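This structure is in structure tokens; I'll ask about it shortly.
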């Protein structure tokens, strides 16, 4: 039996699983800060993380990090330079995986973190940060979002972070050089992107039914089964080791317990 | 009475005089290495020097420097970065004066340090280094050459470091953004560039007659008098203070006594 | 070009004219010049154009204080809590003009300014609305490969404001840890205001030329300003005051609430020494790491 | 990406294939990797394309030793004495191909490679024969201002060879003093060979992340190589051996004379330890300057 865990702890575990050993990951704010530390402490000891403020790390921080610039994230780092260096690594194709969040997503993985519509009003969000750059240029991106139906939309109101081409072929007919989104992790399920760059349901989190997940989307979404990838599975629960690490890296549960 | 001095010591003194207080100078190889140190030690205490290897200095080195990268030139430097930083200062217009040498010069101050012709043969020289960049982008450049008639030519064989436009107006009708050459110092005389960007004789060094200087050029060269700048003067001799400094900065006379 | 004299924060900030463009918050969540920003508010210097990458809170405070007309940035909010309410309300009600960037586009714009070139090309932006809904960037064809490429035009701010660990009185600066886009912004800016945790003897700075990030010829004013980056962290000096960010978030949902917050934390503070006494959290460095020795010499 | 093991100079250099392009001598007259260059000659690795800014002597030696087919550089010679006779003779007799650059154009070409973009624009070059007689650069119109501008296309060398003060066995590097175009070249190169004056415990390197100039993911091989930059200077370690440059100049006017010189100084040396014993000049640092303390921590 696995321990009790929060949806965010499961998301961190699922995000960590997307980092392969040897990967260089582009890590931004919030949950990915914890996910990289879990990955490098478990299955991906040779992975490395870059942060747009200038830091490169290949080990977890010895202390809670609220932001990439918190001092524990600098101690014993591989290096600390500036953004041009980090973004140049991204632009020249050295980043294997980048993490992105979004207030809205469409079926091609376009993300919006700039402006959303609420009835007749427009609501202003903080904006891109480095997300647009990561979305354009990382070899692949992993998207993390709370599972709320209002976030799933036929057309995002503003494409902050581009996904795949609506013309099929994923990034073939798209001006961005990176590979585009590979995985979406929500608080209820994980999703892949098919050969045409469209979202499909890959696994539902423990206790969530695939049907329940699918009805949250305003379009007819495929499942892994529909595209010949085998049945929709149940997302792996975080292991006890992972939970212990998550709670060590986020001791007050600031990012992962609420 | 001034002390005895070598032609190169006079050239260093004349080059130093071209650095104004508060200037940022772009300094390369050989005599300018000594000239900046003289200037900052005498009339231009607020001048600064940048070197394309990455060093910025505002004081003389405490020891002989054969090259810009010799360790005394790094000690107590203002900063040490890299070439992109230094060349960016040049490109954005922060360099007041740059020093250049040449194997050949024409009347518009075009310099050649790449290929020269000797009869039917072509002789390969080391090339531009940063000279082309300094020539294109410094606010003004000061040119230093041994006074040898074969170096003065109607058309240089290769324009390593561009001078003024042959169409008049100095740099007006020229693609390089800097101000172009302002002074030529040879081992016999100093020269300015007139409103059309053409060389004219400004002063002859002590013991040299202006006529003797003019006959060394294959074209009819104007003098200061011809262009209404007053008579051709005699170049100021290095002062005792300057000579003492030159001999402190170049104790074995490697650059300045031979 | 001439060397600087150390000024008071008040005197230094008073040199910034209303209507100026100011790049700051350049090291992202590190070393944000909050002290200088709050002095802008105290002096009522307004109509500012703020330029930055991720801005963790300071831009929101400047907007709340009525100092800002325009923002050219990649992200404005509160990294601990998300939304910056003052920014959001001002943009939604068209009180300020916003030019949306990505972190890289603002970095490249300043880098182009620092390099003295009209633009830098990038493989980012195309396919996004950061590109499509902006009149700033251009799509061109790379003449070497035929590929589509984006050109980001240079930005040269009137001012860059930077907080650093130590500076000489002349304005030569040692800075370490995350630097974000400090280098490009300092290179691009017309004037640089340096607030330093410590003003030190010039010999300290010249002992290590490779650590010098800003040279005096680039600097307009130097201010000694202990705790000048609080609540953001400063490498080697103090940790981030996370609770400050959360309290700010709770207390600034309306303009009236912000004004009350600012009366307390900005206008109610006569100088940074007094301010330092207010800070309740223990942010001190309790586990120092000393950098390995480096020698120069001849 | 994976961390490196420390190799012998022989083993590390043997990984460089004939026909490779190699950027080196990147810190100009500082920290030139002469030891690695001489090992290329001993192993007879030839048909090389050498890439660099000012090359103070090493390219001349590699040309003299028959290792070079092509040079893409701004200056090749001997900074103490001017002409590099082996280079001059090889170019004049068309034995090697030369692509003329300015220091900035080679810096920008590598910087474009490091940034992953096809070119960088510059205000330099136009009006010179460095531009006119080259098929490499392009003149374009800046679409923002209408000004004429030069585009310098990216160069991505197969190898960069760099000599540094200290490296961890993994390949993380502390480097200080003049760095010239080391950063752009390391970013642009497919492989990086680091020769280090000292290989040190990783804790030495991680004590000061802001001093790290090269990270292990960029590095293909690390070699401990004391005196590896001689006769060029290395900040904090040894001064320049000026007499070496003058002697080389006197002794290499003909190919036969060069061969005799190389028999002595290159082929007659079994390893760098033996080489170090040959050096007659006292190049040691007798007036050290210790960099002011810097702390990290939390």
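By letter and in written order, the chains are A, B, C and D; residue numbering begins at 1 in each of them.
The rule we apply is simple: contacts are C-beta pairs under 8 Å (C-beta built on N, C-alpha and C of every residue); 3 or more make two chains touch, one makes a residue touch a chain.
The structure displayed is predicted, hence computed values, not measured ones.
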What shortest step count links chain C and chain D in the network of chain contacts?
1
If a chain touches chain B and chain C alike, it appears here
D
Any idea whether A-D or B-D has more C-beta pairs in contact?
B-D
Comparing centres built from CA atoms, which chain ends up most distant from chain C?
B
What is the distance in Å between the mean C-alpha positions of chain A and chain B?
58
How big is the gap, in whole Å, between where the Cα atoms of chain A centre and where those of chain D centre?
40
So, in whole Å, the Cα centroid of chain A is separated from that of chain C by 28
Shared-contact residues (touching 2 or more other chains) in chain C:
116-117, 122-123, 176-177, 179, 207, 209-210, 235, 239, 285, 287, 289, 296-298
For chain A, which residues are shared contacts with two or more other chains?
55, 70-71, 74-76, 80-81, 84, 90-91
Chains as vertices, touching pairs as edges: which of line, ring, star, complete or other describes this one?
other
According to the definition already given, which pairs of chains are in contact?
A-C, A-D, B-C, B-D, C-D
Touching residues of chain A toward chain D in the complex: what are they?
22, 24, 46, 48, 55-56, 62-63, 70-72, 74-81, 84-85, 88-94
Could you please specify the touching residues of chain C with respect to chain D in the complex?
116-123, 138, 140, 142-145, 147, 149, 151, 153, 174, 176-177, 179, 200, 204-205, 207-211, 235-236, 239, 285-298
Sort out for me which residues of chain B touch chain D in the complex.
29, 51-55, 66-71, 74-76, 80-84, 87, 90-91, 114, 121-133, 135-137, 158-162, 174-177, 254
Touching residues of chain C toward chain A in the complex: what are they?
27-30, 53-54, 56, 73-77, 79-80, 82-84, 87-88, 91-92, 98, 100-105, 107-108, 111, 122-130, 132-133, 148, 176-184, 232-233, 235, 239-240, 242, 245, 285, 287, 289
Please output the residues of chain D touching chain A within their complex, sorted ascending.
1-3, 113-117, 172, 187, 206-207, 209-210, 212-213, 215-217, 296-298
